[in-house]
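One structure follows; several queries about it will come next.
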Amino acid sequence: MLLELTDVAKRYGQVTALRGLSGQIGVAGRRIGLLGPNGAGKSTLLKLLLGLTPFEGEARVLGLDPRRDALAIRDRVGYMPEMESYLAGMTAVQLCAYAGELSGLPRAAAMERAHAALYLCGLEDKRYLKVETYSTGMKQRVKLAQAVVHDPELLFLDEPTNGLDPAGREEMLALIADLPARRGVGVILSSHLLPDVERVCDEVMVLAAGRLEFTGTIGALRGDSEERFAVRVKDGLDKLAGALAAAGLDARRDGEELSLLLPGGDTDAVFAAARAAGVQIRHLAPLKRSLEAAFLEKVKA
Amino acid sequence: MTAVVLEDVSKWYGQVLGVANVSLTVGPGITGLLGPNGAGKTTLMKLIAGLLRPSRGRAAIGDAAPWSDLAARRRLGYCPEHEGIYEELTGLELVTAMAELSGMSRRRARERAEAALVDLGLADAMNRRLGGYSKGMRQRAKLAQALAHEPEVLLLDEPLTGCDPIARESLVARIRDLGAAGKTVLVSSHVLHEVEALTHDIVVMFRGRVLAEGDVYRLRELIDEHPHRVRVECDRPRALAEALIGEDHVTRAAFEDGAVELMTRVPDKLYDAIPAAAAARGVKIRALTSPDNNLQAVFEYLTEKK
Amino acid sequence: MTPRAEIHDLGYEPYRGARTPPARRFLTVARNVFAVAWGSRWGVKLPFIISVSTFVGASVVMYVARNRLFDMVRERGAPIPRAEQIIFFAFTYGFELAAYVLAAVVACAAVANDLRLGAFQFYFSRPLRARDYLAGKLLGLALVIGVPLFTGPVLLAVVRVCFAEDAAQAVSLLPVIPRAALLGLLGTAAFVLPPAALGALLGRRQPAQALFVVYFVVLTNAALAMAAVLKVPELSLLDVGHDVQVVGRALFGVGGGWPNVGPWPAAAALAVVCALSLAALWWRVAKAETSELGGS
């Protein structure tokens, strides 16, 4: 279990930042997406889990109490901040080795692991350059490397793909997706880009206006159905809709695709209708709502 | 209906190349501008906005050159990527000032600014200082500033970066409305899903040049060095593959549990052949999908190091 | 026997060794301050050159100043300093100059850079408390600035004792060493705390450096001039460097140095400035501990 929360609440004076958070997180998988609009309380939650701010209720991180064992928790957690974060005048290797030492590794071990972490993050040939000379993508990788250097059991990643171009974002996501498999580390990924969360995470927690609106698998949040299908064609979507209606199937047009209910998931009728209408099917699969749509529904409710 | 026209435009900064030999016409509706970092997207936007002068060639809004013709610039709104935002001003003050600079009277500028801000959901915040705005609110203020003087051409550089999903949904809806209203909208973004939600029409910049332009799905069909993959989930994948492997355009079949992934050089033929083969062999198809038919794949294939 | 074959996974291995106790990690911060300062270019080379030449020059002058001849001249009332008083002059005109450069280059930047580059997220997501961070930074700065300002005079004092004519004189000279050490400590505090606090309050290196230089070059001289013009010597207390010198004059029995309000008021003024600086640093760092992480 990565996180256990029981009635966790946090007030700043009159303002309630978090109210009544309860849940067991990290049951189904080791990669958890933390979703929520700005101001939903994500960074407050993070702070209290690391023991940086007092709170009400009970919380456990990796079985430890943030009130009593804050330093032990922080030894076992790696944090990749969203904003720029590095030290002046240090190379990537120095920075990571320093990070390792601050998290309690002896000097020699910290230096070895700094190199390993930078290899892992794909910075092998840029290790000896100062971090301030790095591009956005490279800085992002250093932030990840310094978060894994001390061999944490749990990683908090805050908007790790911010500012990356498509190739850089793909590489970063591949790296993150690979971490649990290679290192057995739990990942909590906070991101506004829900396709990233969909790509990397097994489980999500949705925070809105200080409440935990949902915890569970991504499929459960999307409400994936086995019987509602989406169809896309090469040309003639309306022609196919007509043919389906003739076959007694109710197909709704939704932008460039049709959405229809197929009892028992039987697709034969669709192919038959397409053949009759002379239309080529390019996509036919159970309709997966986007995580984005499901999320907006949860948050606005 | 105003089109943006670029004729053989190049831009150098000293020795550094910004864009090279760009000939492009962007018509009404939304066009996505894609490319890796440093591909020249922002330079291209600034050339169109008249903030940079082409080293060679001609940029035009309708038939006027934005660099020299101020009237042409009034017809366009530019939403820059970086915030040259004045922290001390309120949202309303900023947008009013920008509208006035575009040649509106003070009163009209204020009316339009207010309307634009309310329209973008900043009614409550518009009298507060920009310094206290969140990232999503800043993006909306920047967009309001680009919209207030009712331009025909809109240039939006990374308008969705840093927005949370709620802010993004409302911005996407607003941008789609603008496209539907017949404005010429050029939107750049690093996040391909965002572009996919806006439009199928894209321009891909690569190393300072236009690498590809047009409809995403048509572009995919033009990339023939990457065989098209089609994944079929069915009850007897090997029986289905057996029937299809004889077709000479099918180059490979790979099996998973309850599915087969076929590769073809002629997707059109394969899409026709699959239902036919399934019907002939009595194979029940559960799902037919292609991992290649999205913007991410198209973008990757196009910009792959050659 | 079966031939042996093995493929090693070069991937990332878990760390199974012991971890250092959190209470000692401020030493890591201190060492980092020292290492980064040492790695920067002219900011450290120039003070190094100043310090070494001061040390060598002062040693030579002390060697010469032991000569009996000077004693005779001094007895006739000529203002020639005794050999051990050379330490005070070396401190004031050599080591302090080096410390001044180091304070401007290293101390002003120490906390300011961390604020600007978001480094507090880096520190406080790790097992480090605000007090560990601050203790580490200040210790590191004290080590950097203490090289000229503490080690310099103490070594000179040792050299003076070694130059003694006989054992009896050496013993009588021994108190020079703790006096030099005390002066070094006061100077180090004066050149570490105020500039670091300036950096912490302003949050950026350059304005902090500018203000520090303005203080030392313009404001302090203005305070001394005002003290002279208005005949209010207490105004000179505003000059931290002058306060250190006044205490130093008392320690080494060197007269003059007007406006001189005596060592105790000067030491008190110094203590007040250092305490205020420390309070400002503590306030800023403690605020950063809870506010920086996870953005606003």
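By letter and in written order, the chains are A, B and C; residue numbering begins at 1 in each of them.
Just so it is clear, contacts are C-beta pairs under 8 Å (C-beta built on N, C-alpha and C of every residue); 3 or more make two chains touch, one makes a residue touch a chain.
Computed from a predicted model, the values in this text were never measured in an experiment.
Novice: Which of line, ring, star, complete and other names the graph you get from chains that touch?
Specialist: line
Novice: Per-chain Cα mean versus the mean over all protein Cα atoms: which chain has them closest together?
Specialist: Central chain is A.
Novice: Going by the contact definition up top, give me the pair of chains with the most C-beta pairs touching.
Specialist: After counting contacts between each pair of chains, the winner is A-C.
Novice: When the C-alpha atoms of chain A and chain B are each averaged to a single point, how far apart are the two points in Å?
Specialist: 24
Novice: As a quick test, compute the distance in whole Å between the mean CA positions of chain B and chain C.
Specialist: One centre to the other, that is 57 Å.
Novice: From the C-alpha centre of chain A to that of chain C, how far is it in Å?
Specialist: Whole-Å distance between the two chain centres: 47.
Novice: Under the definition above, what is the set of chain B residues touching chain A in their complex?
Specialist: 34-37, 134-136, 161-169, 190-193, 233, 268, 271-272, 275, 278-279, 284-290, 293, 296, 299-300, 303
Novice: In the complex formed with chain A, which residues of chain C make contact?
Specialist: Per the stated touch rule, the residues are 11-15, 17-22, 25, 28-29, 32, 35-36, 39-40, 109, 113-114, 117-119, 121-129, 289-290, 293-296.
Novice: What residues of chain A sit close enough to touch chain B in their complex?
Specialist: Where chain A meets chain B, its residues are 35-39, 135-137, 162-170, 192-195, 234, 265-268, 271, 274-275, 280-286, 292, 295-296, 299-300.
Novice: Residue numbers of chain A touching chain C in their complex, please.
Specialist: 42-44, 46-47, 50, 52-53, 70-72, 74-75, 77-79, 81-90, 94, 98-99, 101-106, 109, 113, 116-117, 120, 146, 148, 150-151, 156, 158, 182-184
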